[in-house]
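Shared between the two complexes below is chain A, which pairs with chain B and chain C, respectively.
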Partner chain A sequence: METLLQNLSLGFSVLANPIVLLYAFGGVLSGVVIGALPGLGPSVGIAVLLPLTYGMEPSAGIILLAGIYYGAMYGGSITAILINTPGDSAAVMTTLDGYPLTLKGQAGKALGMAAYSSVMGGTVSVVAFMLFAPIIAGYALVFGSSEYFALMILGLTSIAGMTGDSPSKGFLAAFIGLFISLIGLDLVTGVQRYVFGNVHLFSGIDFIPVAMGLFGIAEIISDKGDTKLDVDKESLRFRNLFPSKQEWKECLPHIGRGTGLGFFVGMLPGAGATIASFLSYSMAKKVSKRGDEFGTGVLEGVAAPESANNAASMGAMVPMLTLGVPGSGSTAIMMGALMMLGITPGPSLFMKEAEVAWSLVASMYIGNIFLLFLGILGLPIFVRVLKVKAPILNSVVLAFILIGSYALENSMFTVGITIFFGVIGYFMKKLKVPAAPMILAIVLGYLTESNLRQALIIADGSIIGVITKPISAVILIIAVIMAFGTPITEMIKRKVSAQ
Partner chain B sequence: MKVKMMKVLAMMLVGMFIFTACTAQAPAAPPAEEPAPAEEPATGEEVAEEGWVPEKDVEFVIPFGAGGGSDVFARKIIEIITKNNMAPVNFVATNKPGGSGVVGYTYMNGKGESNYIMATTSSSFYSQPLTGNSPLDIIDDFSFVAHLAKDPSLFAANKGLGYTTLEEVVEYVKANPRALKYGGTGNVSDDAILMYMINELAGIELVYVPYDSGADVLAAILGGHIDVCAISPSEGGEHLESGALVPLAVSSDDRVEILPDVPTFLELGYDITHQQSRGVVMNAGTPEEVLDYYSDLFQQVSETDEWKEFLDSNVMGDVFYDNEEYVEFNAELTEKYKKFMEMIERNQ
Partner chain C sequence: MKLTLKKGNNILGMTGILGGIIIVALAFVQELPFMKRELPGAGFFPILCGVAIAGCGLLILLENKYKSKKAEEEGVEDKELETDLINKVELRNFAYTIGISIFVLIMTPFIGMLVSIGISVVALIKILGKESIGKSLLIGAVTTLILYLIFRVFLGVPLPSSYIGI
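Our next item is the complex of A and B:
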C-alpha cells in the first residue's frame, strides 16, 4: 500500500507541470469534441491527433492520447442522445433510450446522466486499474479462441434484448448483419467471399461506415424537419442536468454493475467498449424492474451503457500496458504511439518506466474530473447546436459523416458504403426493422467466425473440444439462459397455470 | 442572472477552445519549423545537380493503416528527408489500407505514369498477386526504386512446452505429428511460409493457426493456447526477457543483435532464410533518370544515423539495394514466393 501511494505521488508530481496538465485537458476536450462528431470515435480521434505527440515527452504524449480516448468515449453519447447518431459504436446502445428521452423533452437529464455515469465508471475503473492491473491481467490470457468464441455467442444473444416490437424483424436484421460480416477474404483459406473481384471488399466491410449510414444518414433522410430538434430548452437548464433523488436510486445499481462488467470486458483482448455497452444494456434491461420500458426513454438505459463503455476504456488499457496486448482498436493505436515515443508496453513497464506508467494513472484521475466539468459546463454549447435550423444542422452533420467516412481509409469507397447503408437504413426505418442488431452482428460475426475457426484448428476439428473447455462451457450456458430463459419460464408458467 | 451565467459559461468555453487550439499547435510546430541540426551537410540537391529533380510534392502511398509496420517505416523515411532537407519538395504520406495492400497499389496504378507517386512494399506485395487476389503483376506493373530493409522472423515456443532448442521440438513433432499448433499472422503470409518451410525441411507436421495480428498471436502463445509461433523479434522482446517465450531460431542470414544467443536456421542445418522485404516502388514506365534520383535520395536516407537507429530499435536488417539491384532482387524474390505459394496450396 505504501509503495502504491509512493508510486501515485510520483505520477502526480509529473502532473504538477502545468504544460502536462494542459495536455491532459486539451486531450479530454478534443476527445469530447471528436467523439461528438457522428462516426468519429476514439480510434479515429487518436489516429488523427497522433502526429501531435511527435517530439513530446513520452509521459505527456500518452497523457494527451489517453485524454482523447476517454473524452471521445463520453463525447460519443452527446450526439447519440441529441440527434440519435452515435459518435462511435460504443455509443450505439445509448441511442436506444437517450434519444427517446430527448423526444420526451428530457435531453438535459439524459446528457447529465451520461456524464455522471461516464465519470463514475471511469473513476472507479481507475482505482481498479491501479490496484488490480498486474493481478487481473494474468487472467486475460486464459481466454483463448474457444473462450472468445463463447463470449461472442453471449454477445450475439443480447440481440434478443434489442429486437423491439417484433423479434422476427430483429433477427432478420441480425442475419443480414451476419451475412455482411462474411464478405471479404476467408481468414483461413484466403478464398474470396462475395467480393465480386472488388479489391476494396477484400478486407471486409468495416462496421463504422455501416453504422454511420444506418444511424446517421438514415436519420437525416427520414427527418421531415419537424419537431425532432426542438429540444425543450427548459430541460437543459443547469439545474435540470441533475437527476432527482429517485432517479439516482434507480440508476446507481446499474452504474455499479455497468462499471464492473465494463472494466472486466474491456480487459479481454478484442472485446472492448462496444461489446461492454451492449452487454451492460441488455443486463440492465433484464435486471431492472421496468425492463419492459427500456427503449422508450428510461434513464437507466443511458446510465448502464455509458458507465460500461468508459469503464471498458480503462479496462482495455490493462492488457495493453501490462502485457503489450491491446484489447481494442483504440488501444492498439495507442500502443503504436507509445512505441513511437520509445516506450515498449509489457510486463516490466511499471518497473522500467514507472514515471510514465504512474503519471498516466494519475492523469486519469484528473482527466475524469475535467470530463465532469466539460460534461456539465460544456453542455450549453453542445445544446446550442440544437437551436440551429434542421436543414442547416442536417447538412453540417451530413458533411461530418461523409468526411469521417472518407477519413477512415482515405477512400471514396467507404463514403459509398456509408451512403449505401444510409439508404438501406432509411427503408429499415420505414419498415420498422431495428438497426442495432445488424451492427452488433457485423461486429461480432467476424470475431465469432475467426475465433471458432482458430479454436477448431487448435482442437483438431472437434467442436466438442471447443465447447467443453470449462470457461467456454460456463459462458455458453449463460448465453443459453439469456437467450431462452424468458420463453422457457413463460412456457412452464403457462403449463402450470393450465393445470 | 441566468443570462449572466450563460455568458460566463460561453466565455469559459471560448477560453477552452483557444486553450486546445494552442495545445494542438504547440507540439506540432517544433518538427515543422525546427531547421534540424543537420547531422550531415544537406547534399540532396547538389548530388543530383545535373539529373532530374522533382518540381512538385511527392505522394508516398502506404498501403496499410496508421500505426502498422509499413506506416512507421514510411513515415520515418519522410521524417529523415524533411529533417535533413534532402529534397526540394515535400513527401506527403497517404494511408490507403484495404485488401492486404491491394487497394493501395491499385490506387497508385490508377494514377498512371507519374514521377510523383510511390508506395512501400512488404510481403503482401508478393503474396496477394500470386494468390490471384490482385489484378496487378509484380514485375510488369511496377518500377523499382530502392530496397531499404529486411525484417527477420523469430520462431519461438511457449515456456510451458519445456523445450529450449529447435531440435527438441522437431523430435517431438516427429513422434507426435500434428500435436503442436503454430500461430502466425494471416493465411498466406511470411509466418505461414516459414512454417511450411520448417515442415518440409525437417519432415514434420506442425499445424498452422492464422491470427489477425502479431498481438493476437502473442496473446495466444502467452496464454498457452498455441505451442509455437512466428513473431517479429521486437514484438517478442519483453516476453523473451521474462522467459515466457523461448526463442528457438531466427530466419535471418546472421544472428540478430538483440538476441545474440539465438541461432539462425542456417546454423542449425536448415536451409531457411526468409525475411520480409521492405522497399519503395513506383508505377511501370517511370523514366530511368527519375528512378536514379529517388534511388540516390533513399540511399542518403539509409546512410543516416537516425535510420540505423530506427532499424535497430525495430530489429530490421539494414539491406540497401539501388534501383538496378532491386530489379534483380525482386525477380528472385518473386520466384521464391511463387514456390512458397505452391507449397502452401499443396498443404491446404
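Our next item is the complex of A and C:
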C-alpha cells in the first residue's frame, strides 16, 4: 500500500507542472468537443490530434491522448441525448432513454446524469486500474517471446473477430494491416520487402498516416446528414442539471454495477465500451423496479450505460499498458503514439518507465475532475458546437490532417499515404470492413513477427514447441474462441433487444 | 446503375483473392525466402499474410453467396445486401475532398503548404458549405493562422514554403 501511494505521489509530482496539467485539460476539452460531434468518436479524435504530441515529453503526450479518449467517451453522450445521434457506438444505449428525456423537456437532467455517472465510473475505475495493472504487469514479467507472440495473436483475433458484422471482413482488415507492417527493410536479414526501390518505404509505413486516412478522411467524406437541434433552452439551465435526491437514490446502484461491469469488460481485448454499455443497460433494465419504463425516458437508463462506457475506457488501458496488447482502435493508436514517443508498453513499463505510467494514472484522477467541471459548466458551449455546419468542420479537420501527416516525417510522401488510405478507408466503410483491426495489426505487426521469429529460434525451429508452451497454449485457445466474437456479441445484442 | 452491398462484397472478395495471390507472387519475384536454415525467412510472414488475405477474400465470397441464397430460399429480399452503396452527397464529398487533398499534395512545392492549405479550406467551405466568399476567406485565414501557430511556432515543424517565404 505504501509503495502504491509512493508511486501515485510520483505521478502527481509530474502533474505539478502547470504545462502538463494544461495538456490534461486540453485533452479532456478536445475529447468532449470531438465526442460531441456526430460521427467523430475517440479513434478519430486521437488519430487527428496525434500530431500535437510530436516532440512532447512522453508523460505529457500520453496524458493528452488519454484525456481525449475519456473526454470523447462522455462527449458521445451529448449528441445521443440531444439529437438521438450517438457520437460513437459506445453511446448507442444512451440514446434509448436520453433522447426521450430530451423530448420530455429534461435534457439538462439527462446530460447532468451522463456527466456524473461518467465521472463516477471513470474515477472508481482508475482506482481499480491502479490496483490491477501492476499485478498483471508483475505476472507478465515471466512472459517470453512465445507468450508474447500468443498475446499478439489474441489481440488481433479478438479485435478482428469482434469488430464489425462479419469476422471474415475483420480478419481481412487485420491481415492487410499485418502485410502493411511488413513493408520496408526486414530488420533480421536487411532484405527489402515490397519497397520497389522507393527510399521513402525503406523504414516502412507508419501507422499514423494510415490511421488519419482511415479514420479522419473517411469520416469527412461520409454523409452525416444535417444536425437538427431542437432543445428547450430552459432545461439546460445550471439548476436543471442536478438530479433530485430520489433520482440519485435510484441511479447510484446502477452506476456502481455499470462501473464494475464496464471495467472488467473493457479489459477484455476486443470487447470494449460498446459491449460494456449494452450489458450494463440490459442489467439495469432487469434489476430496476422501473424496468418496464426503460426506453421511455428514465434517468437510470442513462446512468447505467454512461458509467459503464467510461469505466470500460479505463479498463481498456490495462492490457495496453501492462501487456502491450491494445484491445480497441483507440488504444491501438495510443499504443502506437507511446512507441513513437520512445516508450514500449508492456510489463516492464511500470518499472522502467514508472514516471510515465504513474503520471498517466494521476492524470486520470485530475482528468475526471476536469470532465465533471466541463460537463456541467461547458455544456452551453458544447451545445453550440453541434450547430457548426459539417462542411466548415470537415474543411478545418482536413487541413489539420494534411499538415499533421506532413509533420510526422517532414515529407509530402506521408501526405500522399494519408490521402491514399483516406480513399481506402471510405471504401472500407461502405463495404462494412472495420478499420480498427487494420490499425492494430500495423501497430503490432513488427512485434508479432519478431516475437515469432525469436520464439522459433529458441524452440529450434519447431512451431509445435512454440504453441504448446503452457501459457502460450492457453492464450492461443482463448484467441481461437475470440475469433468467433461476432456471433457471441450478436447473441448478446439479440438477448438485450428481446428483453 | 445500382451498386449494392452484394455486388460490393463480391468485388471485395475477388480483390482479396487477387491481392493475396499478388503478394505471394511478389515474394517469389523479390526472392524473399519462406524458410532459411530451418528458420522463418524474410518471406515467411508476407507469404502467410498473402495466403490469409486470399483465404479471407474467398470466405467473403462464400458468405455473400450463402446469405443471398438463404434470402432467395426464404423468398425475402435481404435489405442489407440490397442497399445501394452510392450516395450522391458522399460522391460529391469524395470527389471534392480527395481532389482538394491532391491539389495540396501537388501545389505545396510551388506555393508552400500554408498557402495551399488555406486555399483548400476556402474552396471546400465555398463549394460544399455554399457559404459566402467573405465568410469562407475569413475561416480559411483563421484556420491557416492557427495551424501556423501550432505547427510552425509551437511544434517547430519546418513547413514547405513558397518563393515568397510563406
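The rule is short, and it goes like this: the second predicted complex is superposed on the first by the 285 of 499 C-alpha atoms of A that agree within 3 Å, B and C clash if a C-alpha of one lies under 4 Å from a C-alpha of the other, contacts with A are read in each partner's own complex, and residues count from 1 in each chain.
Rule of thumb we're sticking to: contacts are C-beta pairs under 8 Å (C-beta built on N, C-alpha and C of every residue); 3 or more make two chains touch, one makes a residue touch a chain.
Treat the numbers as computed from the prediction; the structure is a model and nothing was measured.
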Touched partner set for A:Leu141, first chain B, second chain C, both or neither: first
Contacts of A:Thr189 with chain B and chain C, given as first, second, both or neither: both
Touching partner for A:Asn7 - first (chain B), second (chain C), both, neither: neither
Chain B versus chain C as contact partner of A:Leu172, first or second or both or neither: second
Contacts of A:Leu452 with chain B and chain C, given as first, second, both or neither: second
First, second, both or neither for A:Pro380, with chain B first and chain C second: first
Chain B versus chain C as contact partner of A:Leu52, first or second or both or neither: both
First, second, both or neither for A:Glu409, with chain B first and chain C second: first
Touched partner set for A:Thr94, first chain B, second chain C, both or neither: neither
Common interface residues of chain A - those touching chain B in one complex and chain C in the other: 51-52, 54-55, 186, 188-189, 192, 410, 457, 460
Footprint of chain A on chain C - complex, ascending: 5, 8-9, 12, 16, 19, 23, 26, 30, 32, 36, 38-46, 49-50, 52-53, 56-57, 59-60, 63, 85, 87, 89-90, 93-94, 97-98, 100-102, 104-105, 108-109, 113, 117, 120-121, 124-125, 128-131, 139, 143-144, 147, 150-151, 155-160
Footprint of chain A on chain B - complex, ascending: 2, 5-6, 9-10, 12-13, 16-17, 19-20, 23-24, 27-28, 30-31, 65-68, 72, 94-100, 102-103, 106, 131, 133-135, 178, 181, 187-188, 207-213, 215-216, 218-220, 222-226, 235, 237-239, 241-242, 313, 348
Chain A - residues contacting chain B, complex: 22-23, 25-26, 29-30, 47, 49-56, 64, 140-145, 185-190, 192, 197, 199-203, 237-238, 269-270, 319, 323-326, 332-333, 335-337, 340, 342, 344-348, 374, 377-378, 380-381, 409-411, 413, 450, 454, 457-458, 460
Residues of chain A that touch chain C when the two form their complex: 51-52, 54-55, 166, 168-169, 171-172, 175-176, 178-179, 182, 186, 188-189, 191-194, 217, 220-223, 389-392, 394-396, 398-400, 402-404, 406-407, 410, 412, 415-416, 419, 422-423, 426, 430-433, 449, 452-453, 456-457, 460-461
